[in-house]
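A short worksheet on the structure shown next.
The first chain written gets the first letter, and so on, giving A, B, C and D; residue counts start at 1 in each chain.
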């Protein structure tokens, strides 16, 4: 079935900006975009599912199942100098190389229908050590954007620090060119353990982003919100990590069974 | 060729319920659904084959080859308060992540043509130890179903016990939403060795299911039937497990050959 | 590009029988079918190439490259009680599970255009030890064929000896059902080292097959022919085995380079 | 999204020759073709991107992201006895077997639109040891080409030296037959470490190629150019190698994180 986007509502948007924040290192992008969705009261209008996600559903406390998905939200401009927004958050990125390309391409194809011309991708940048003041490093789809965003406190020395941007945040910028969408990746410095969410790094990213977007945002509830999110996000990542380890190790023998996650199938 | 459903007959069904029971932990779902098919005298009307199954055929005692497949059966309502049923049983689930999504999606697309709006997926829930009285744990596609099924002795505490539902039983529930099909997964507690079928757990699942469906079912022959099924099911799973182990280990050297299954190709 | 069949000529065939012999255990099928093609003077009319083959070309002594491919030959009935034949031989089978299904399906789709209703698939059956008189074991797509072929010295006790038939020889039989093609697999017992061709086992298969087909065949040149074929077949299999081992081991470090095959890319 | 070719300009070319030089052993083909593009002032007219490349973008020193891609250039005939040229260079080859076939096939489909009938694929041939005078070994799509190119100092003893040509340089020759394109692979002998570029081997290849094409080329700047290219090429290959090693090892544990490349996602 590859990748499907199911539209729940067709919002009328004017010249919207696209913002992506999916899970990754320190979950920086996911936390930042998720907080923005909540604080702005953004409304979900589409869901993306993909056979490139891991083949399981999660269970909510209520016994309801939860498909792995990415979700599109929109938020109309509220004040002067603001813009309509499309926000993408989600549980998961592709589990394989081909899926990363396909999903990024489907996302761009879809937001292009709303005449998106600009995008922000939010992610973490693993620096291997804790830092008191995590910087926000910028990477752009087009060199001229460095100038445009020069006054927002972004560190534009990514070229010498960073080798690559893996997954959606990078490929959206790279593939965006073929859809006429220019973009910048805001990368919050973080220790670099995928399983430890870094709200502080996310806060740094949010501060830069909201300044650019002319949005006032109270980031004081960020720590609390992250704790709420964390349980569910951790569940997904635990399962994904274990599933990947098991694939790498090969199928287990009966005696090893107890070390596993409770497994249904 | 991906996934194909070959229709043998086009049954006329009224408001049918869809029941899935494919191989998995303890083969709970496979045993329960298989027994139901036999006892109800359900009739096969379609076969599903997929390039996501393992690339071999099995051999029956008669020297006839057997393709890995899933099979759709139907059974018309016989008594009052009963409903027409579509049952899905089979030899195999997908051997790769992408296949799980694709096959679940094809199944839903197909049963949608019969106006299915409700489904039951049957599976085992590995709890790592033997239990005298295995419970039937429920997971639902929609929280409101918990209430609907509250009086059938289902344990609705899955959210705290169970991380995920892997494969068809989970994805059918999750993807069902996009086809307007609501469903519940009935998960029989079992030790959790995929290779040891657990008829007792399957019996628990069947008791709950038949109560909901208003079907009288004599489960006394279950042990005997499982023994009959077992040889063939075991053959498939032996081969699949060995094939997967071999893939994980890489190609063997000539000297190791004798440890292998007899191999033809 | 998946799988392509390139037709070189459109032969007019009457009620042809399809015979497959691709590489596998002991190369029994490949040797038997290849010898038949040569001795009958069969004519090539189509080539099959696939992205499921290994991604390299081989080099002939002449410096000409050789794509991995399967080849379709035909041979018109020459005598009374003979039938037109389509023969499939080749360098390779699919390198992945999905490819096995896809290629078998494309083959069947193609030969169906010539109104094929019957097929023979030729393969080796690894028994783990050398035997003075290798038997020819039969597996059928349909139980009633056991009777039809009962008088040709085929051992129809495959069901208890053999777990599975992996790859083309098995899937062609299994998928053939959906194309209205019935078939039998003739499995020559062999030691079971994929890298050691077994002309004796192939001879046994050929004797049974030619008796069924009413063809007189001098098998005395088989040993000589196998030696001629062997160099090229061995080259392919060496490379495939090394490639598979390397994949299983992961990418090598510079210092290991000398142990490898000469490599171009 | 599989593989896409994005055309930037539609050049009018007369009877063009196609030349491929993508990364590989010693980067011989990549260096030779890249140098030719620069020295001839060839103009880019199309880009190829593929979900079979690794799923990341690279970062330029300027903070601009760089998608992995292959690039088509053209160059009109400048002198007598010269021909219009299409040159293909790029950052990457497919990361999986299926991708190699697909990308080679898309390339051939595309250049066929310009009526290409002849091609040269440039690559390195790993010989496992340094040599003072690396030879240029030839492999051809058609045996009769050996004669055609016999007077240009090409070593046509490839058949006995070389087992296979892996990836684009080989598959383009092999698949070219189905597009009516004949070709020769010029293979520069090199030590065989993929990560050490070999400008000397590339120079040998260029000398043969330019003699055939009637092009005067000053190869004195080759060493300097290689040093310029090298940083960027090395970055890509470092990341690819590490990514492949990580895949082979399976997901790492938190404690191992510091040994990794700086990672963003």
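What we mean here is this: a residue touches a chain if its C-beta (ideal position, glycine included) is under 8 Å from a C-beta of that chain, and two chains touch if they have at least 3 such contacts.
All figures in this text were calculated on a predicted structure; none of them were measured in a lab.
Undergrad: Touching both chain A and chain B, which chains are there?
TA: Common neighbours, chain A/chain B: none found.
Undergrad: Considering chain C as a copy of chain D, what rotation angle in degrees (nearest 5) results from a C-alpha superposition of the former onto the latter?
TA: The two chains, chain C and chain D, differ by a rotation of 90 degrees.
Undergrad: Which integer distance in Å separates the CA centroid of chain B from that of chain C?
TA: Chain B and chain C have C-alpha centres separated by 35 Å.
Undergrad: With centres defined as the mean C-alpha position, give me the chain A-chain C separation in Å.
TA: 49
Undergrad: For chain B, jot down the residues that touch at least 2 other chains.
TA: 249
Undergrad: So in the complex, the part of chain D that touches chain A is made up of which residues?
TA: 1, 4, 6, 49-67, 95-96, 235, 238-239, 249-251, 254, 257-258, 260-265
Undergrad: For the complex, give me every residue of chain D touching chain C.
TA: Of all residues in chain D, those touching chain C are 24-25, 93-94, 97-102, 105-106, 123-128, 138-143, 146, 156-171, 173-175, 177-178, 185, 187, 192-193, 195-196, 241, 244-245, 247-249.
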